[in-house]
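Labels run A, B, C and D following the written order; every chain starts at residue 1.
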Amino acid sequence: MTERLSEKTKGVYIISATPFDDDGAIDYNSADSLVEFYIDKGVAGITILGMMGEASKMSTDEADAFMHYMMKRVNGRVPVVVGISDPGINNMARLAKSSMDAGAAGVMVAPMSGLKTEENIYNYFTQALEAMGPDIPVCYQDYPQSTNVFISVDCFNKMVRDYSQMVMFKHEDCPGLTKLSKIRQTADQDDSLRRVSILVGNGGLYLPEELARGADGAMTGFAFPEMLVEVVDLFASGDVERAKDIFDAYLPIVRYEQQPGFGLATRKEVLRRRGGMANAATRAPGPILSAIDHEELSGILTRLENRLKEMN
Amino acid sequence: MTERLSEKTKGVYIISATPFDDDGAIDYNSADSLVEFYIDKGVAGITILGMMGEASKMSTDEADAFMHYMMKRVNGRVPVVVGISDPGINNMARLAKSSMDAGAAGVMVAPMSGLKTEENIYNYFTQALEAMGPDIPVCYQDYPQSTNVFISVDCFNKMVRDYSQMVMFKHEDCPGLTKLSKIRQTADQDDSLRRVSILVGNGGLYLPEELARGADGAMTGFAFPEMLVEVVDLFASGDVERAKDIFDAYLPIVRYEQQPGFGLATRKEVLRRRGGMANAATRAPGPILSAIDHEELSGILTRLENRLKEMN
Amino acid sequence: MTERLSEKTKGVYIISATPFDDDGAIDYNSADSLVEFYIDKGVAGITILGMMGEASKMSTDEADAFMHYMMKRVNGRVPVVVGISDPGINNMARLAKSSMDAGAAGVMVAPMSGLKTEENIYNYFTQALEAMGPDIPVCYQDYPQSTNVFISVDCFNKMVRDYSQMVMFKHEDCPGLTKLSKIRQTADQDDSLRRVSILVGNGGLYLPEELARGADGAMTGFAFPEMLVEVVDLFASGDVERAKDIFDAYLPIVRYEQQPGFGLATRKEVLRRRGGMANAATRAPGPILSAIDHEELSGILTRLENRLKEMN
Amino acid sequence: MTERLSEKTKGVYIISATPFDDDGAIDYNSADSLVEFYIDKGVAGITILGMMGEASKMSTDEADAFMHYMMKRVNGRVPVVVGISDPGINNMARLAKSSMDAGAAGVMVAPMSGLKTEENIYNYFTQALEAMGPDIPVCYQDYPQSTNVFISVDCFNKMVRDYSQMVMFKHEDCPGLTKLSKIRQTADQDDSLRRVSILVGNGGLYLPEELARGADGAMTGFAFPEMLVEVVDLFASGDVERAKDIFDAYLPIVRYEQQPGFGLATRKEVLRRRGGMANAATRAPGPILSAIDHEELSGILTRLENRLKEMN
């Protein structure tokens, strides 16, 4: 069994795509190749069934089957985190238990859409955390651009105080740099408040700034995981300018993949072109690339290749 | 087999609650009694797995099992409509087919949250309708207060023109009276546009106005279905003032049940008190009545009883 | 000078419409008649330049001129509260000062649209309250259906603790009954927390329940202020069932006026028909009643008249 | 008098900041220096009182005074566009007329927040355009991230067909590249549909892709207008790879300024550091840079300087 998620978790946890064939069925051959692709790029862990994994479009059974398949394929080589967000607490707790039984390192939960006040958010997590029990490590996914649920640092810190299983903050509010700094500062200034792990999302669009402000790594689905790994490693070893040089080289495609909603189709296509999977299809309803989009992407990838050569 | 949904569908299609026990499991005994309760009150049809049915909190399997159970229990005495809204087109089409195979009269679809433009709404329905095929009658649920998806009459009419299976409009935008009138007027003025069935929601809060503007009935979950039935019948028979007297007598509880989100707990409690089901629990996360709420509800129900006596 | 807003404020503060002529200019003759209409109905105070007053569609100068005109017309007969919500703190503070100098009893502030977390709401009010200074009594308008800004009781209570000028809560969240009870309970259980005045909005749609839960009155624009006054008075004198009888008689029109956004046109038309003002026009862009709407409204008003006769 | 906005308008229209001093008053000396700064960088035009210009926080009089001041300072050297978005049609039309009388080239209008259907958007613009009359050229600002109003190409094209004064589309929906292509394609394929000018926003984050898809330039507030100018010019002259090299060099700061809401403070600080204005303050309520933010920005600017040197 791999290490469980904890306050000490570091590095790049890639958010895995879910490969589908043209009929919308899960393409398990591509699931195999994708796992090897990610591990080959040096990721510290893999997160499955996230928003980018199109989990909400899968049936309950499919999600469970895909989870078990991925756990087996990864086979303990790196920790696996499972996204379990669901409108029903029951379903959430069931998938959490099933995942941990299968050897997952922890689970990721985003607050349900429609939670309006921070009191509601706190109460919702109380229900979810108590349904799962204290032994399942939890990552709070703070992604209001998609959930439309907004939380202050005070409210998140209250969860950290009250629930020891809350060990990680997936940071992807935007603008969110001030929030990241405040989570770090409040924990630094208060011995009674645990310092949780912070991994950042948004495709890594603000990765250098976030690492400088105390993030421990990234949890996002950028189609060049090796960039995320290298930047995080270089930051850790103190070679910050080199890290930024690498980041800047990839920034045009980071930005391009970061188009809300639409970017998923781009990202799957890049993974396909790079051999990570055989089919770039998103499950319906999902974005589809036009001929212009394909050509535009090709241009960006060619420029990236040239720029990387130039830098060596 | 019962009549299928069509442009001619009329009357009260009650939206059924889904009964749960205290552990959150489906309470099938109460499902039995609820079916009898509804049929006993004279409803023309029953709609299951709607928003009020807490469908989004059920697993794929549970929803399918509940659908089959209810179909069997109703056993052709009235038509059954199945809510199939789901983030994934695949899941939606699968439940639609399964429901029709089991004898359903048609399906109800609300646009997926997150659809922003009317072009997006139209394209989403194109995908959904083509995945289901032309033989499944569809009701468009226009409930933007919950979905945050807004549609003009022009865009809905385009669907009616392009897809013959689009036979019903579940009207619950608010304010929405002008929209209802416009759907009727545009069809009246254009021979090439089918006049669809319109059933109204929102607990019937504007039922008299809506019937006067051309609605064919109601599809909502008000816990006194006999009021909806009587008002619709009296309107049909031309006794409009008596219909309004009845409606006004119930209005305090109509209004009270209509508190967004929270009203579901009230409605299930009323159904419990009236013998429709044994347990009023909502599945987590869901609203829970406090002692004050219970007492307040009792006061409203006592006054209703008195008012009804007074009127006879 | 009239009494200032305080924790002890009670009764009905009617939200005044702003009368416009057909060209959209302020109709000052109707402003005169409207003041007399309201005072004649027994209101305890008048609130001007609220959302219902179409304040956001007035220029800065117009708002200031209208405020001065109304202060002069009311002439100290009842307290006047001024809505000062504005995207800019400067403008807000300027109108607050100008209003208090002219003899206003206090000001009403809704949080700016776009505030996402409760930390942001608190910080926004800190800026606003400090710009106005401690001597201007403030009413917090909690109307998330319009502002899309949601606040927990804890965050509101923090403002009450930190700013002595925060003396009133205008309650119109929906569902909001639990929130109202919680504001009362938290103050009852904690001597260090002031018990603020709570006046309710939403056209009075839940007035009996709100008064039973501890509201001190209403601040809303229902076109029959005498109903609000009578219900509040009867509750205060303990004649609760009679209060509810009155309320229920008016409920069909309360409900009808409460159609979000659209209801303003109805309300102004009722005020016009009742002699409150000469022209029911809303300023563009605003709702406009169709012939069907006019007829529908007539029917509701006729039934109200009949019902009131029947009750006496 | 300068050229008026038309379908042929091209190049970079910089969105001007509004400089404030520490008390929140307009800093007119900085307005002078800012005009010179922009013209010196080679912009084709200047847009004032946009969202970035904090127009909604100015009083009606201030906005009018600032407009007149800027018109006089620019003094016909480049065309000036005036943002006139306002909740009231009256105010909007008044500022439009006042601006055109003062020599403006045209006006920019964003749809009012709260418009839900495309029918509502169309009707709103009908009211606005008819209030202004056919002689004032209008730019439609499509910025749903801020307005929460979403429009399809079909609805925009209908405005273009029905109102000859609709001559420009300010493109800043995101994802929005497909929309831009579709506006161009629909006009190319239909002789009866005018080809309008498209200038792009979002700080230029997708400028190369947008120019390749047929945009005529940019209308945005990026603090290095010379980059926008050079990229647009190089694209026009066919030197696309050089244009992308320049763009990529600036991309780290483009991205950094593009943090929603917060970016305004960064942008004003960059303008201050570059000598464009004496004070970077935003008017309350507005974002404020922390010490960490300042240092982070310095690092990004130093790297930009180095990268630009390296490229020459």
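In this section, contacts are C-beta pairs under 8 Å (C-beta built on N, C-alpha and C of every residue); 3 or more make two chains touch, one makes a residue touch a chain.
This one's a predicted model, so the numbers in the text were calculated from it and none came from an experiment.
*Asks:* Between copies chain A and chain B, are the contact residues mostly the same numbers or mostly different, with half as the line?
*Replies:* same
*Asks:* More C-beta pairs touching across which pair, A-C or A-D?
*Replies:* Most contacts of the two pairs: A-D.
*Asks:* Distance between chain A and chain C based on Cα centroids, please, to the nearest Å.
*Replies:* Chain A and chain C have C-alpha centres separated by 46 Å.
*Asks:* Between chain A and chain B, tell me the centre distance in angstrom, where each centre is the average of that chain's C-alpha atoms.
*Replies:* Those two chain centres are 38 Å apart.
*Asks:* Hey, how far is the Cα centre of chain A from the one of chain D, in Å?
*Replies:* 34
*Asks:* Among all residues of chain A, which ones touch two or more of the remaining chains?
*Replies:* Where chain A meets two or more other chains at a single residue, that happens at 261.
*Asks:* In the complex of these two chains, what residues of chain B are touching chain A?
*Replies:* Residue list for chain B touching chain A: 24, 54, 56-61, 86-91, 94, 112-114, 123-124, 127, 131, 261, 283-285.
*Asks:* Would you pull the chain B residues touching chain C in the complex into a rising list?
*Replies:* Contact set of chain B toward chain C: 174-175, 177-178, 181, 205-206, 209, 212-213, 244, 248, 251-252, 255-256, 259-263, 290, 292-293, 296, 303, 307.
*Asks:* Could you list, by residue number, the parts of chain D that touch chain B in their complex?
*Replies:* Chain D residues touching chain B: 116-120, 144, 150-155.
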